[in-house]
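When the chains are written out, they are named A, B, C and D in that same order, and each has its own residue count from 1.
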Amino acid sequence: MEHTYRLVISCPDRVGIVAKVSNFLSTYNGWITEASHHSDSQAGWFFMRHEIKAESIPFGLEQFRIAFEPIAREFDMNWHIADSAQPKKVILMCSKESHCVADLLHRWHSKEINAEIVAVISNHEDLRRMVEWHEIPYHYIPVDRSSRDEAFGEVDGLIEGYEADVVVLARYMQVLPASLCEKYSGKVINIHHSFLPSFAGARPYHQAYSRGVKLIGATCHYVTQDLDEGPIIEQDVLRISHSDSIEDMVRLGKDVEKNALSRGLRAHIEDRVITYENKTVVFD
Amino acid sequence: MEHTYRLVISCPDRVGIVAKVSNFLSTYNGWITEASHHSDSQAGWFFMRHEIKAESIPFGLEQFRIAFEPIAREFDMNWHIADSAQPKKVILMCSKESHCVADLLHRWHSKEINAEIVAVISNHEDLRRMVEWHEIPYHYIPVDRSSRDEAFGEVDGLIEGYEADVVVLARYMQVLPASLCEKYSGKVINIHHSFLPSFAGARPYHQAYSRGVKLIGATCHYVTQDLDEGPIIEQDVLRISHSDSIEDMVRLGKDVEKNALSRGLRAHIEDRVITYENKTVVFD
Amino acid sequence: MEHTYRLVISCPDRVGIVAKVSNFLSTYNGWITEASHHSDSQAGWFFMRHEIKAESIPFGLEQFRIAFEPIAREFDMNWHIADSAQPKKVILMCSKESHCVADLLHRWHSKEINAEIVAVISNHEDLRRMVEWHEIPYHYIPVDRSSRDEAFGEVDGLIEGYEADVVVLARYMQVLPASLCEKYSGKVINIHHSFLPSFAGARPYHQAYSRGVKLIGATCHYVTQDLDEGPIIEQDVLRISHSDSIEDMVRLGKDVEKNALSRGLRAHIEDRVITYENKTVVFD
Amino acid sequence: MEHTYRLVISCPDRVGIVAKVSNFLSTYNGWITEASHHSDSQAGWFFMRHEIKAESIPFGLEQFRIAFEPIAREFDMNWHIADSAQPKKVILMCSKESHCVADLLHRWHSKEINAEIVAVISNHEDLRRMVEWHEIPYHYIPVDRSSRDEAFGEVDGLIEGYEADVVVLARYMQVLPASLCEKYSGKVINIHHSFLPSFAGARPYHQAYSRGVKLIGATCHYVTQDLDEGPIIEQDVLRISHSDSIEDMVRLGKDVEKNALSRGLRAHIEDRVITYENKTVVFD
């Protein structure tokens, strides 16, 4: 994998942004390997992502930030620059279901995902052996009604302690407290086992079965305080028929969940996702 | 297209149904070209569809009905038998949008659909010329608040007059009165331009745009008194991205609507759909 | 539809292209509504497409060309600029099958495609009535072994006479002579009823049936002298099963053909396609 | 999972087969939970699969076989009956790529697949640790030109020794000798990383990249002596674009390979696949 910097920008739309930014890059001989733009004319907002060969630029991230800051200020940019050589630190949270965790662990193990899985947190012991085989620490933090605050205090401590960049709820069956949702806004990714906004809430496959839909789906989204209402990163669906029982749907759905979650997570850790107005721009 | 009879059955599930029916057919040398079964163990209900070469049986539909009636009674069957040589009579209802009507007219014109489109009813004049080119009568029945009852009385009269077997709401933008929904229960098919139950009601593409979903869809369903809540026959989706405006979604959605509607209608007119518990069995 | 200019560029890849072009645009206050880039590191080639609000630029296409020419020369660019207000002139060629022609005619009729269908040429009379209803001239040019050269001379004359920008082989069942393929290179689009390179040549559905594939497809591609070997613009597939006969596949395939062709044609007429090395870049 | 028997039949098509078989089942009070039929009118061949509640029948498989044999003879049936309580014994063969093996191991581990993975055979040591964590024996049998016969002799011995019902080539990068293909005909399943018949042979993603296709795929098929020509069980595809490098295609392709292989294997071990004329009937 090539060593690149990823420059990610969103700002009010106006003439000259691309020129200014690409001039800046070209001044320093920056070799652009990928460039994506989007302008939302309704919102009057502009989005841009560049991937630049690190070696083509004569300085590191710190100097880049200093040099770019005046441009950012001029255009009122929300922006950041990330280094592909510094893989993001990921914490997985799970319960008893193994398919999403196993899938992400294997993608990490086989170097398909450029991230560091620093820990797994679970409210059950079931997946400890699988996780520890990968030499990743497994933290068992049970959650019950009385100990909820304490438990999520502990979770918070771990996220801080590991300096995690991303928390992935890989079929974690507890609702995060609002305080954590807010504190780690834009950093917590969930997989919901339905094609949201259909069948939000509990037991979506049961809901889907009752309604008699002909496709089931999964939704990868950022977690916000409004349950199942956060910005959607990725969705996928699968055709079913009357002959599929709820059990079939649960089983078939696993593949859709794994795919939507791993694609959503990949987009996030490659700095391809920008959120605004409870929606996302995802630059492929 | 081969001349066949379609025997469609649903009944409480128990041992011996298939044996009894296939014995009956084999007794009369019925040559089965297609056979489909489904048993819903949760509902305790059984569904069956046979397609039989008409020429292989020594009598016509009337005698068939007489001969089969005792079996039907023994097993408490809901059943009917249809003749592929008697194409169903279809009335299309539309407003201003032409894509679904044009698509169905062409499929009919090119003999892709084995049905007879006997008339088109619209609350606008826009599509008259297109329809009349196909030599199909076009009935303009405007609907406004004051004339609603009268207008739908007229619609009802046309459905009766044409002895229509099916009414297709091909992007017809008026809500049918409850009385018609009930009178023609199981005979009125609608295309809704969203992946139901997401975005029921008006302006689903606008809803989808606001929610920032990554796939849009369409749903072909039977019309019931509960708007957008009837049994689903067919659904389809299409991937979109942040770069698609509402206008793009409307345009892209048309293809999904056409596909879902034409596939749903085909299933219906080939007697492949059985409804129960607000769901459908669709035998491919 | 907004009035825009589309600036389409391909050139050897090096630092500074984007900066130079976006500087140029920003100098003249060009408002970019869409920007797409691609660099093929293996081929060392760079591709770029900008869509610019026409009214934001202080001059027309001619002056634009003059002003931009030095930059184009500096970077060895293949480039052109197109005006969305000058819809491309399209000639459809067809035989007896109507589905692709009917689909394109309806998209044109309902203003879904921003192009002018100036004529239809066919080696059969079958579709005359359908075409003429749209008030489009229909040219019947039969092709048989003895009259082949003469027939295609006539076709050539029509393409020239209508000043067509694009010729669409909408299930036209004759092979174009090499001379025409060469003369109109990059301007003739075909729909092949298979997922190329599988089942090139004649009767692809029969081939697919024999091979027992589980998906069938269609391929929209530019016509070259090597039959079925030209650059692919768009492909699509559809799931089938053992229960689908060749007739079913032919019928089901029509929908895939229509979709692939209309999407490919749309990309072409919106100047989204750049060809190189017998492949295409298609900017969505 | 319910305890069932699966009765799988293919025979020349004629009137009365279904009646005879369902009569037989109903005589013994057999409770049919799934029934699938297919008749290939071109081939004049009939296919049937029943799934029957084991407890509903008054005898075991041996007596079933004796009782059914006269019927089978009368209709010239190829047939077998399988017991869901006797999971098939599966041997996986692999090389260095881990994604298919890891996927199947996890599906087995989480009881998603009703089969017993009795051993893994590889021509490399790379996946030993992963396999042995699952407490499955790992046999390292290197294959080089000089030792080929010997190596595959050893493989043959293991298949026999383990009494394997199925051998899965889960990205095993050696060609099986013709003798093994023949000996285990219908029992060896391969995943080919292309949408066959496109890009048969080596390095299909490189071939696909050169050809500039817009979709890539994978094919799960039975292994025959004709490389990549065996009966296809399952295929799947994925949309790509010009921006995907060969490396991207290899990575994206893995998900398609895993899905096609696991679905194909599931169909096989549930006795849903019948082969004839180098094709398959797959009863969903």
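One rule holds for everything that comes next: a residue touches a chain if its C-beta (ideal position, glycine included) is under 8 Å from a C-beta of that chain, and two chains touch if they have at least 3 such contacts.
Because the structure is a prediction, the values reported are computed rather than measured.
Trainee: For the interfaces B-D and B-C, which has the higher count of C-beta pairs in contact?
Mentor: Top pair by contacting C-beta pairs is B-D.
Trainee: Need the most distant chain from subunit B, centre defined as the mean of C-alpha atoms.
Mentor: The chain lying farthest from subunit B is A.
Trainee: From the C-alpha centre of subunit C to that of subunit D, how far is it in Å?
Mentor: Between these chains, centre-to-centre, one finds 41 Å.
Trainee: Using mean C-alpha positions as chain centres, tell me how far subunit B is from subunit C in Å, no decimals.
Mentor: 36
Trainee: Two or more other chains in contact with one residue: find those residues in subunit C.
Mentor: Touching at least two other chains: 34, 41, 241, 243, 284.
Trainee: How about subunit B: which of its residues touch subunit C in the complex?
Mentor: Interface residues on the subunit B side: 34, 98-99, 102-103, 106, 109-110, 112, 133, 241, 243, 251, 254-255, 259, 284.
Trainee: If you look only at subunit C, which of its residues touch subunit D in the complex?
Mentor: Its residues touching subunit D are 38, 40-42, 47, 195-199, 211-215, 217, 231-237, 241-243, 245, 277-282, 284.
Trainee: Report the residues of subunit D in contact with subunit B in the complex, numbered from low to high.
Mentor: Subunit D residues touching subunit B: 15-16, 18-20, 22-23, 25-27, 29-37, 39, 41, 56, 239.
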